[in-house]
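In structure tokens below, several structures.
Look at the two complexes coming up: chain A is in both, with chain B in one and chain C in the other.
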Partner chain A sequence: MKVAITSTGNTPESELDQRFGRCECFVIYDTETNSIEFIPNPNKDALEGAGPASVQIVASRGVEKVISGEFGIKVKSLFDSLKIQMIVIKEPEKKIIEIIDMLNKQ
Partner chain B sequence: MSPRPCRLRKVSKPPLISGLKPYGDKLKKENVSSIFLFLEEYEAIRLCDHEIMNHKQAANMMDVSRPTLTRIYTAARRKIADALVNGRQIIIEGGKIYFDSEWYQCSNCCCYFNNPGKMDGIKECPLCRSSEFTNVQQPE
Partner chain C sequence: MFRIAVASGKGGTGKTFVAVNIFQSLIKSGLDAVLVDCDAEAPNAAAFFTKKLTGTIAVTQLVPVIDESKCVYCAKCHEYCNYNSIFILPPVKIIKVIVDLCHGCGACSVACNYGAISEKPDSLGTVSLFSEKDRVSIIESRMDIGVMSAVPVIKAAIKQIDPGTGIAILDSPPGTSCPFIETVATADFVILVTEPTPFGLSDLRQSVETLRSIDKPSGVIINRAGLGNNAVRDYVDRQEIPLLMEIPFSKKTAEIYSEGKILAGTDPAFAGSLVSMVQNIIKDHGNSSYKR
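On to the complex of A and B.
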């Protein structure tokens, strides 16, 4: 299963980005192969429509869960209709590697 | 053989009010009972008569078939008519529904999550796999 995490940088030591649409970077983590992929967000400076465009990026990778600090109103309804689970973490200092560790822990 | 379980109706958000009360001098308060308008019936009235959708569109919104929507809508109108004519109080409550956005908060790691697969309930937090979580309206 693939999980998308919004990140403030492109290393596993980076912190979770509290915004979804305009985050620095997406981390696509595959729980089966244990692979981590970093995708820089092309919409991070977009004036409008960053949310839906970012949904398209993560949805095209076939993720089942998305982890971020916040989801906008348009993004929420899009993920709802795509049946992708949203997870909101309200801890800005949380590192990507810590989140991945949590996902791996059985 | 038990009948087929009823399909859950999708309601976009809970109504602002929890009911309506009649008033007037001729009203005999003692011998009229209240009417329970189900949330799915409230939603059908809202979509059809407030958002002015046709039954097909409204059925799509509530994730049920067109005939089912029409049945819910008819029941809603009958109840409202009964309340108007007989001066009954309307209480908006109950029904086989789920809300469009259902959120949970994990008591262990404090994260919020929703449940996209409505039919099968959530058993554990998707992040820390704790089974302690509570239902919340929206992540603040």
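On to the complex of A and C.
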């Protein structure tokens, strides 16, 4: 299963980005192959509609879950209709590697 | 016709107070005037008058409707859209219009080569016309709740001004962003209402700089004069901006306003000074370059 995590940087030591649509970087983690892919977010400085455009990025990678600090209203309805689960982690200091460890323990 | 916008960077400095009082004073002295409430987010100028609602105009924009039976998921519409309002996942054949983000530009329907995009009107707000003796005297713009930009509704309200009217008073939205620009851009002169506080000064400065960048003549009214400090006065002097009037801070004025009454209606001296202020503005700027 693929999971998208919003990240403040492009290393596993980077912290979780609290914003979804305007995060610095998306991490696509595959729980079966343990592969990690970092995608710089082209929408982080978008004037409008960063959220839906970012949904398009993660959804096109075939993720089933998305982890971030917060999801906006336009994003929520899109993820719901795509049957992609949103997971909110309200711990800004959480590192990407720690989140991946949590996923692996599940 | 001469158009005067009443604006301010900061909210709550007394734009509507000034606009309503100018309008009332002009009408009472027999001049031909119309009041346009361009503060589409929170219009309230009409509340001070008992005029008859004689017409409403629905303001809409065209948004795309996608016929999924004709769509080939080529994503060209998505590429043409500058506002991220078309969501598309070609591999799983999902396409959605996010109406909240749409600016109604129509680029997507131009992009589509398969006739899959048609357009339908989506409500943005209402323009209300209030009349007296068969003549529209107040025009109010009011945007729908949840609509992103007030600009189309403001534009529609300004369009309703009869070009034969002598003087149009435009009550501008606060701030210095697009709704403000839309309002002041059509004016021949801008009255900036401010207050003698650090907030008033900070936002006045932004307004002055914005108006200078679009070559719009302006003057300042300091409302609630006597409160705060002299910094606004010093700034206006230093920048050589005409100080049109100082309205002293008075509990009485606030009380009259809070009861929905118009000060100029009970204070002929105040009404008279507003009329002569407007007449002087028109005298000095009557040959303004702005033409609709």
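As a working rule, the second predicted complex is superposed on the first by the 105 of 106 C-alpha atoms of A that agree within 3 Å, B and C clash if a C-alpha of one lies under 4 Å from a C-alpha of the other, contacts with A are read in each partner's own complex, and residues count from 1 in each chain.
In this section, a residue touches a chain if its C-beta (ideal position, glycine included) is under 8 Å from a C-beta of that chain, and two chains touch if they have at least 3 such contacts.
Everything numeric in this text was worked out from a predicted model, so none of it was measured.
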Checklist entry - Taking chain A as the common reference for superposition, should the pair chain B and chain C be classed as clashing or as fitting? => result fit
Item to check | chain B, chain C and vertex chain A (Cα centres) - angle in steps of 10° | outcome: 70
Next on the checklist: Contacts for A:Ile97 in the overlay, against chain B (first) and chain C (second): which applies, first, second, both or neither?
Outcome noted: neither
Item to check | Partner chain(s) touched by A:Ile36 [first = chain B, second = chain C, both, neither] | outcome: neither
Next on the checklist: Once chain A of both complexes is superposed, is A:Val55 in touch with chain B (first), chain C (second), both, or neither?
Outcome noted: second
Checklist entry - Can A:Ile89 be said to touch chain B (first), chain C (second), both, or neither? => result first
Checklist entry - Now for A:Lys65: first (chain B), second (chain C), both, or neither, which partner does it touch? => result first
Checklist entry - Is A:Asp80 contacted by the first partner chain B, the second partner chain C, both or neither? => result first
Checklist entry - For A:Lys105, is the partner it touches chain B (first), chain C (second), both, or none of the two (neither)? => result first
Checklist outcome for this item: Once superposed, chain B sits from chain C at a minimum Cα distance (Å) of 13
Checklist entry - On chain A, what residues does chain B touch that chain C touches as well? => result 82
Item to check | Touch list for chain C against partner chain A, complex | outcome: 83-85, 87-89, 91, 94, 96, 98, 100-101, 148
Next on the checklist: Could you list, by residue number, the parts of chain B that touch chain A in their complex?
Outcome noted: 100-101, 109-117, 126-129, 139
Next on the checklist: Which stretch or stretches of chain A touch chain C in the complex?
Outcome noted: 43, 46-50, 52-53, 55-56, 59-60, 74, 78, 81-82
Checklist outcome for this item: So, in the complex, the side of chain A touching chain B is made of residues 65, 67, 70, 76-77, 79-80, 82-91, 99, 102-103, 105-106
